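Look for subunit A in each of the two complexes below; its partner is subunit B in the first and subunit C in the second.
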Partner chain A sequence: MAEINWPWQYNFPPFFTIQPNKETQKLQLDAWKSLVLDYCRSTKQCVIDVREANNSPVFHNAAISRKLPPEGILLVLEELAASGNAEPLDKTKTRWFIFWRTLQELASIIHTWAKDNGFTNTVCTFYELTNTPDQEFSGIDEDVLQKALKELEKQGKAEVILSPEINGVKFF
Partner chain B sequence: MDRFEFSSGRLQPEEYLVSKFSNVRLYDGDEKTSFEHGDVLFTNLRLIWCRNSNDFSIQPVLSLSYSLITYVLIDVHSRKLKKKLIINLSDTYKPSNPGPVLTSPFNYVKLSFKENVDENFVGNLDEVINEHHKNESSKSGNAPTRIKLRTGIVGIERSIHEKNKVTDESITVAFQDLSKLMTMAKDMVVISKTISDKICNHQGEISEDETVKFKSYLLSLGIEDPVTRNRVQNENQFYENLAKEISKILLGTIKEIGGMMVLTDAYCRVNRARGLELLSPDDFLNASKLMDQLSLPLKLRVFDSGVMVLQLLSHDDQILVRETVLLLRNHSSMSPQELSTLVKIPVSLAKERLIVAEKFGRACRDESIEGLRFHVNFFLENRS
Partner chain C sequence: MLLYLHNCISLSDFFLYGMFKLYCCYPLQSALLFQNLIMRRKAGVGAIQKQKLQQEKYQAKTSTLQENQIEQLSKQLEVFRTNLEEFASKHKAEIKKNSEFRKQFQAMCASIGVDPLASKKGFWSVLGIGDFYYELSVQIIEVCLATNHKNGGLISLDELRNRLIKARGQSKHHQEISKDDLICAAQKLKVLGNGFTVIPIGRGDYMVQSVPGELSMEQTAVLTLLSKLGGASISESQVVDNLKWEKARATKALKNMVQDGLAWVDTQSDEPTYWLPSLFFECVSDGVSSAGS
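Coming up: the complex of A and B.
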């Protein structure tokens, strides 16, 4: 697990209380968003469960014994969703996808990579993609990858091939 | 004469003979009667006239109860001779036993003696009669309570009514006393005022310092002229005057404590100063609400949380916030309690101050199981 570069806010107790002042709250939530994305990118975590989130060090600073309450977590996730960095997995909004790159960004990154490495008109398996070293999408969740490739498909730059045994993609 | 009754000459158990005169004639008013050459006996209860006093205890006699006699005196017309005694009778009551005369136009009888009447004797007789009246009245005073009419519900209701009346009266009396006390208090204030004036005039003997000190004592004792409902025509005027009075009393104190006072504190202070003519919280609140319109130096402020304070008209939130933030910076973080002890203001007020700072974006809150704390708003300050 990569070392996380905690922002100064993480040790500031008011960070863990949702601020009633709207202006302050906006700044606070911005800080939260970047923290959550940074954290997920470092730990390659793509799904956050609100019920279990308090076990994760990102929402719980044991050193100053502060926790972001579940309502706060939900608020942060909804903010992330508004900017396209998150998406609820279910209607009860307990499980969320976290996209540390938005799907569009991820799609173009993959497409650029495929072009640069001569994978156009070739079929790649999902496994191949996620196990490519030193790329933005290495180690990414396959569900998230699929969502990103669907985006590419919409743009007409790829075709997703789904089969029960193995999933693949053909770049154009 | 119609108040004489025939009765036994035998003395009753508690009765005893006081004095006795013989050869006495009875007059009905000014008219002679056939009752002459008889004996007159004065007991402690009644006057007895009989033909022969030697065996008066077995024969029927004429008797007159002292309760029917109002007073006795020596006949003025025969003052030189002093042989006649006038006995004035009360007209309230007729004896139950039959008497020698049924009706009489006179309200007095006379006794005519053979010898002069001793003035001392008349005095003694008067005393005996008065004593008798007293005993009578004390007996009759007890009588009604003993034979109280208690017929059914009406009786009970009547007795309840009676009781209520008595309480009512005692309450009225009690409040009379209170109003007397109030007027006395006014006098006291006047006296203290004159004393303070005198002190001012004699400044040579007493130092300036002491005068000021004494005056402040007087002021802390109370207000010389409290605004009360009785003195004004309508409610509005009452509230207006009250608002003026409140701002006059509290202006100095509020300036001293930093421009803001919780309404409850202000209420207590004003009532303390008024002493007796206490205000109701409602009156106080209504008066405070008027302060803004009357352009007084104080005004009522209601915080979002509902906390109400009186604050100086010149009060500026910006300055207060700046001060609060400075304190926060020095202490890194603060709870309302800490701030309240630090600047000596009530906790509720300290909390409001912090919340105002938060509203201005200069502070931010930290809510945890340890309670509510406030920090300097680094979210804003550290923004790159």
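Coming up: the complex of A and C.
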């Protein structure tokens, strides 16, 4: 696991209590957003389950025994969703996709990579893509990848081929 | 009868003694007074004219005396001024570089009622002593604005100093900024309105507030207590115990600090605890130590 650069707020106990002052709260949520994205990027985590989130060190600092309560986590996730960095998986909003790159960003990164490496007009499997070393999209969740590729499809730059056995994409 | 006479003598003795004393201290005035006393008995045009003449003479004498005094005083001032000027320009470099020297010089100027900062005009401007503080003031504003989002506009003098030293570069003469310099420069910012205030919080510690508005008495008292206890957090019961306040007063003061964005509340301990980022070590050193190392 990559080294996480914890911000100073992570050791600041009130960081784990949602602040009543709206302005302070905004600062707090901004800090939370970048912390969650940093954490997910370093750990290649693409899905957060609100019910289990307190098991993850990001929302639970054992050293100072502070936990962000579930309503706080939900608030952070909704903030992330507002900037296109998260999306609920279901209506109950218990499981969330986390996009440390927004889908648009990811889509253009993948397309640029495909162009640069001569993958246009060929079919790549999802497995191939996620196992490409040292790319923004290496090790990414296949569901997130699919969402990003769907974005490309909308722009007419790719065609997603979904089958029960194997998923692939053709770049244009 | 005898007693009466005795009284008379002692009274007139006393009077004479008084006149003598008066004469010793103010020869001219008392001589005139004495003459007046005697002459009051006389009447007539001649006497009045004589009196008038004497008065005129007296007046002329006073004005010459006064002129002399003024002349002497201005001469002395001139000497003093040139000396001070000479001293200041001779030690200009020293004043700029050495914080201890600067402090002493400031104190000296203050005791004789000269403010080298306030006088941008005149010979002080040649020295550029004011400029040193103007420069510092601007840098203080910069640091305050840059850290505003973290500490709600309240910064300890120590943090301010560390950040300033970092911002001013590594050369030795940049590093020599004392806390007195900072207080001096920060206080100059008062002319910009109540946006910048230096708040003493006891034990020789200060905080600089850089948001419009003023800290209430309560908030200042809580800050002072925080600095006394050491640390970045305080609870309601701590305030009640230490300042002997009513619970409601403590609650209100702390809630106000949260409302003003100065404090953050933590509800995950036994009782709500109020934290000040401006005193929290990791926040204070954030961006200072990492880049410094």
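The rule we apply is simple: the second predicted complex is superposed on the first by the 172 of 172 C-alpha atoms of A that agree within 3 Å, B and C clash if a C-alpha of one lies under 4 Å from a C-alpha of the other, contacts with A are read in each partner's own complex, and residues count from 1 in each chain.
As a convention for this text, contacts are C-beta pairs under 8 Å (C-beta built on N, C-alpha and C of every residue); 3 or more make two chains touch, one makes a residue touch a chain.
Just so we're clear, the structure is a prediction, and the values are computed from it rather than from any experiment.
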Clash or fit (per the criteria above) of subunit B with subunit C on subunit A: clash
First, second, both or neither for A:27, with subunit B first and subunit C second: both
Touching partner for A:11 - first (subunit B), second (subunit C), both, neither: second
Subunit C clash site on subunit B (candidates 99-107, 171-179, 225-233 or 333-341): 333-341
Doubly contacted subunit A residues - partners subunit C and subunit B: 8-9, 12-14, 16-17, 19-21, 23-24, 27-28, 65-66
Subunit A-touching residues of subunit B, taken from the complex the two chains share: 333, 358-359, 361, 364-368, 373, 375, 377-380, 382-383
Contacting residues of subunit A [partner subunit C, same complex]: 7-9, 11-17, 19-21, 23-24, 27-28, 65-67
Residues of subunit A defined as touching subunit B within the complex: 8-9, 12-14, 16-17, 19-21, 23-24, 27-28, 31, 65-66
Residues on subunit C engaged by subunit A in the complex (per definition of touch): 149-150, 152, 233, 258-259, 261, 264-269, 273-275, 277, 280, 282-283, 285-286
